[in-house]
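There are structures below to look over.
Both complexes shown next keep chain A, but they swap its partner, so chain B is in the first and chain C is in the second.
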Partner chain A sequence: MERWRTYGFVAGFLAVPIVLYTVFVISPYVQAFQISLTDWNGIAARPGYVGLDNFRRLLGDEVFWRALRNHGILLLVLPIATIVIALFFAFLLNLGGGARGPGMAGVRGSAFYRVVFFFPQVLAVAVVGVLFKAVYRPDESGVINGALVRLGADPVGWLIEPDLALWSIIAVMVWQAVGFYVVLFSAGMAAIPKDYFEAAALDGAGRARLFFSITLPLLRDTVQVGWVYLGIAAFDGFALIQVLAGDKGEPDGATTVLPIEIWKNAFSYSKVGYASAMGVALFFLTVTFAVLTLRTTRRERIDL
Partner chain B sequence: MTHPGEITRRQLIRRAGLTALIVGPGAGLLGGCATGGGDEPAAPVTSAAGSADPRNPFGVDARKPLKVTIFSGGYGDAYAKEIHEPLYKKEFPGAAVEHDATQQISTQLRPLFVSGDVPDVVNNSGPQALDLVALAEQGHLADLTALFDAPSIDDPARKVRDVVTPAVLDNAKIDGKDLVLNYTVSHRALWYNAKLFAAKGWTVPKTWAEFTALGDKAKAEGILLFAYPGQKGPYYQLWNVLYTAAKIGGNQAIIDIDNLVDGAWKSEPVKQAVAAWADIQARYGDKAYFGLDHTQTQVKQLQDKLLFYPVGSWIENEMAKDKPDGFEYAIAPIPDVTAADKMPYGAIQVGVGENFFVAARGKNPQGGLEYLRIMLSKDGARGFTEKTQNLTVVNGAAEGLDLPPGLRSAAKAQDAAGQNIITDARFEGWYKELFDYGTEQINVVMAGRITPDEFCSRMQAKADAIKKDGSVPKQTRGE
Partner chain C sequence: MAPDSLDSVRPVRSARSVPDARPRPGLLNGLSHAALAVWALLIVAPLLWTFLASFKSNTEIFGDALQLPGELRLDAWGRAWGKAHVGRYLLNTAVVVAFSTFGTMLFGSMAAYVLARYRFPGSRVIYYYFTAGMAFPVFLALGPLFFVVKRVGLLYTHTGVVLVYIAYSLPFTIFFLAAFFRTLPESVAEAARIDGASHTRTFFQIMLPMARPGLVSITIFNVLGQWNQYLLPLVLLARDERDWVITQGIANISTLAGYEADWPGLFAAVCMAILPVLVVYVIFQRQIQSGLGAGALK
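Showing the complex of A and B:
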């Protein structure tokens, strides 16, 4: 009886979120799996089942592989660049000033920088997109190219050269993400007891040594979480690429990613079945990535 | 013909949510689905000729409400709200007209077609227009034969089909049936600033040699001969190249492409057209325009930084707000590319556009047909032209109106062209995937990353793939 009362109480709280989650998350997922086996065009009352045809087609689709390649680059570059930069800034903000007064302190003005770094995170993705459209504009009216032209250089087609476009977009993604991870890592660093640093500093450890031998190992869990978040972000990029590069992943599909292709197939070409197959592929890619990352980086916890 | 801007992530999420809403809570996860279950399509209303009364030929129920959805892009929606809908209400004072304006026709209406609660009249336009071929396959589009055969409002002795420009009837057809009404007429070629030409003493080039000579002169003054927007608007250049091909080799060049004829993209006229424009870009172009969108490019033209811009007559109204006094839009035909072009100098593209259809399984298809008949009356058409500064397909409806100079120049060019009218490329609507691929590849070839021959081979390969793809319904055209 007592047990029923407890579970009933808990279940009462859980019922509403679970129903909402089922209706708005699980059921669309399940439907996407179902639709991916059909040739539905978004309008037909009765979609025809085509088995695994959509997936077979996917494997032979050059654009699909191009999108996967871009995800691969994103997956390698986005987390590493973001985490390295964020760690560096977080270290400077929290510990970079060395031992000042009681415990460690950040560089001068770190409270101010902390706010500045966080700014990009507050902006909506669409705003960031429009902002960087102006920054990357390929003629002398662009922010970067205006400066280049004034210095006597030729303007650079940041978003229109196929070899450059994806990197320009990755730079924006990193720029936007860094602020959040600075805050995340700062919180992690604040949790490291000050005595460790003081002891090491007394033993004559420099800033680099402090960072690699104490900060980094003790931040491992936080960095790992950041890695998973950023990896999942590398499977998206939809809104930013839509605004900055265009709805076909221009130029020449050099910046296309799966969400862009899904959007295009479902809403422009009415190939909802095929688009769902891409969605299913994306789902498995994301899940595989998250599981792999968590598995391979698991290690004994260090108790502070 | 404007672009309604980018979709945001939020909207995408909302769309995903819509799918779930159709299912509704409690529906079986697999049974109830976004595809709307297995309802047999209700018998669509195909024939609405129920009345002999010339004032109400479709037998409209005067009390039934009418739902109208308008794409509020370059033309806005004032013409519907302030002209056509009041005209309908005047005819049927008891009927309520529900007006809905959107820039996302497809995302907003597709769920309604699945669930069955469709608007009666739809202005299907914009980059997110509904796939009409797919709708036609499902019997969602009402047959417009009754409309074209109905007496016209202004002169009951004449049928509607006799008061509109003939291209309307050609372009109405999907799978051989009259299902779509194209409402506007546009003139496409190169557009330039007549006042700048007058001030400089330049004349419009008639041959390719004159065209490049003018390019040199303009270059000396820091003006670009030609540019098109590489972002969002590369299809303007795809049109331009196709129309140039038609000028060189006759309309058959485009008709073959539309009909997916083997080797159509590798025909000599297409190759020559692509090569001619790629050469212009290489010698007179500026690669920065590959990264500018249509508005940025059009503003540059208003600043006299470029001479010729490939677009249609809607440009004048689209840029009316930004247009300085020293700028006057005028149309210039594509210059002769070779000495033996099939079409003489002066040929321009005159086409119909802006799709309207009546939903066959809406609540009031008769009212929908009547609404279109009102649009095709002189009052309806003249009102549209007044509101949008664009011409309609209704013959003589703009007579006596004070048209802006760009439209006047287009009308004059059409007179001069006579029979030499370049046809529209219909694969744009029929095979969107091929058209989209073309808009991507045109940037590649214009930027010089592939040769014109490679462009033609790539397009041919894509066209062949579409031809082989059994899931894509095929269309054909005559002439």
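Showing the complex of A and C:
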């Protein structure tokens, strides 16, 4: 009797979450795989089965390869730039003051910097995009170009030069992400016992030595977590690129990424089948990245 | 941006060759502070510029970017609030996020609790069923999701958005809270059971209060994530402008500003979107930082 009451309770608590999750999350995912094998346009009652045609077309689609190239650049630059800058600041904010008082201290004003650095993280990406549209405006009314013109330089077309646009967008991503990773790495640094630093400092290690010989090796796990997170972010970029570069990834598709193409194909061109095939490709790319990263890192426990 | 800070790394690194215990603190400290101050300026400058631009006239905005507004014009704020419906967008967002975060926390903690603390056939399978959702990019579901929501008759409604937010927040919420519930001691729940408390009562009156630190972290995580959501409302609330949330509204005002040439209005709207977040952030920054950090480290 007691047992059945327990089962009843368990079922009662699980029913709503399972239904919501199955209907709105799992079923669309499963359908996406099915639809990727059809030519469905979102209207036809009976979508035509086309086998792997969508994927074959994908391989010949220039836009798809351009999106992949952009993901590749993002995947290389976004984690490296963010982690290097964040590690540097986290070190200054936590240990840069040297041995002061009872333990290691950050440089003066650390608390203030931490608050300021983290703030972009809580802003919506779409709002950040609108903000940087003004920063990057191509004439002297843009914030950066206004400063450049004052210094006597020519204004730069940050978002309209095809070779520059993606880099301008990556800079915004780094701008927004650094504060979060400063906090993340700070937490990791706080967990390092103070005596390590004191002993090293007594032996005459300078700050750079402290960083490369003690902090960095002991922070490995945290940095790896950050790497995976930033890598997954490199497969997104939708909100920022959509706001800064428009639906087509202007200029001329130079900044497009798969999420933009998926959205455009599904809702502007009504090519739901083709969009789903792109989604499937994106899924396998993300999973491959996550598995590869976690494989090459020797963590005992893998939480994913 | 990156080169600035990289340049400032170099002098620090060269300190390795200095044999003395304390490398000249004056110079190093100066460089550290310079690097930190530059980054702080990079963050504050665009925000400050936007704030000032909301008081400028169109001519001033298109003139010299580094000039202060000539006079304090408040009309752009009025236009943004009224004509551009920023007030309505903020209200919509607040209503949607209030319901969706509440629902996420309620259903997420219920599921996490039974999955973490009850043994029954299939409990592992259900746990993995939920957490598997974290591995899929939402873009894979995008097309089909639109038609699923349409079929259940909730397309272009806030109810639909709330339910979708809850569903997509469940995997991480359950993953995080299940780990948290597992750490709570068994003895208290046992004592409650001996005293004759029902399972439901034990959960709501004893276990939930004990799980408070975990609940606070993940609530903050969900509020921010759902408040800042852009993709899902773009797909699910596309039709009626009056239903939009703030991110959609701002992006649209940004596009319209080009046609209507109301740039001060745009920047006032952006400020209105940022200010509530800034106020909440200043008050709760410690909890927000630890909440998001805990989310990432789990």
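Please note the rule applied: the second predicted complex is superposed on the first by the 277 of 304 C-alpha atoms of A that agree within 3 Å, B and C clash if a C-alpha of one lies under 4 Å from a C-alpha of the other, contacts with A are read in each partner's own complex, and residues count from 1 in each chain.
As a working rule, contacts are C-beta pairs under 8 Å (C-beta built on N, C-alpha and C of every residue); 3 or more make two chains touch, one makes a residue touch a chain.
What you see is a predicted model; the values in this text were computed from it and never measured.
Residue contacts after overlaying the shared chain place A:Val225 against chain C, while chain B stays out of touching range. Using the contact criterion defined above for the overlaid structures, shared-chain residue A:Ile26 touches chain B and also reaches chain C.
Applying the stated contact rule after C-alpha superposition, one finds that A:Gly253 touches chain B and leaves chain C untouched. By the document's definition of touching, of the two partners only chain B reaches A:Pro162; chain C does not.
By the document's definition of touching, of the two partners only chain C reaches A:Ala134; chain B does not. Of the two partner chains placed by superposition, only chain C is touched by A:Thr286; chain B is not. Of the two partner chains placed by the overlay, only chain C lies in contact with A:Gly204; chain B stays clear of it.
In the superposed model, more residues of chain A are touched by C than by the other of chain B and chain C. In the superposition on chain A, A:Ile35 makes contact with both chain B and chain C.
Applying the stated contact rule after C-alpha superposition, one finds that A:Ile43 touches chain B and leaves chain C untouched. Touched by chain B in one complex and by chain C in the other are residues 23-24, 26-28, 31, 35, 42, 124-126, 129, 139, 238-239, 242-243, 263, 267 of chain A. Put simply, chain A touches chain B in their complex at residues 19, 22-24, 26-28, 30-31, 34-35, 38-47, 124-126, 129, 136-139, 155, 157-160, 162, 238-239, 242-243, 246-248, 250-253, 263-264, 267-271. Touching chain A in their complex are the following residues of chain B: 6-9, 12, 16-17, 19-20, 23, 25, 27, 29-30, 33-41, 106-107, 110, 113-114, 127-128, 130-131, 134-135, 137-138, 140, 230-232, 286-292, 432-433, 436, 439-440, 443-444, 447, 449, 471. By the touch criterion given at the top, residues 1-2, 5-6, 8-9, 12-16, 18-23, 25, 28-29, 32-33, 35-36, 39-40, 42-47, 49-50, 53, 61-66, 107-108, 110-111, 113-115, 118, 120, 126, 129-130, 133-137, 139-149, 152, 163-164, 166-168, 170-171, 174, 198-200, 203, 224, 227-231, 234-235, 238, 246-248, 250-251, 253-254, 266-267, 270, 273-274, 277-278, 280-282, 285, 288-289, 292-293, 296-298 of chain C touch chain A in their complex. Looking at the complex, you find that chain A touches chain C at residues 5-7, 9-10, 12-14, 16-18, 20-21, 23-29, 31-32, 35, 42, 81, 84-85, 88-89, 92-93, 96, 98, 107-109, 113-127, 129-135, 139-143, 145-147, 150, 171, 174-175, 178-180, 183-184, 187, 201-202, 204-209, 211-212, 222, 225-226, 229, 235-236, 238-239, 242-243, 258-259, 262-263, 266-267, 272, 275-276, 279-280, 282-283, 286-287, 290, 303-304.
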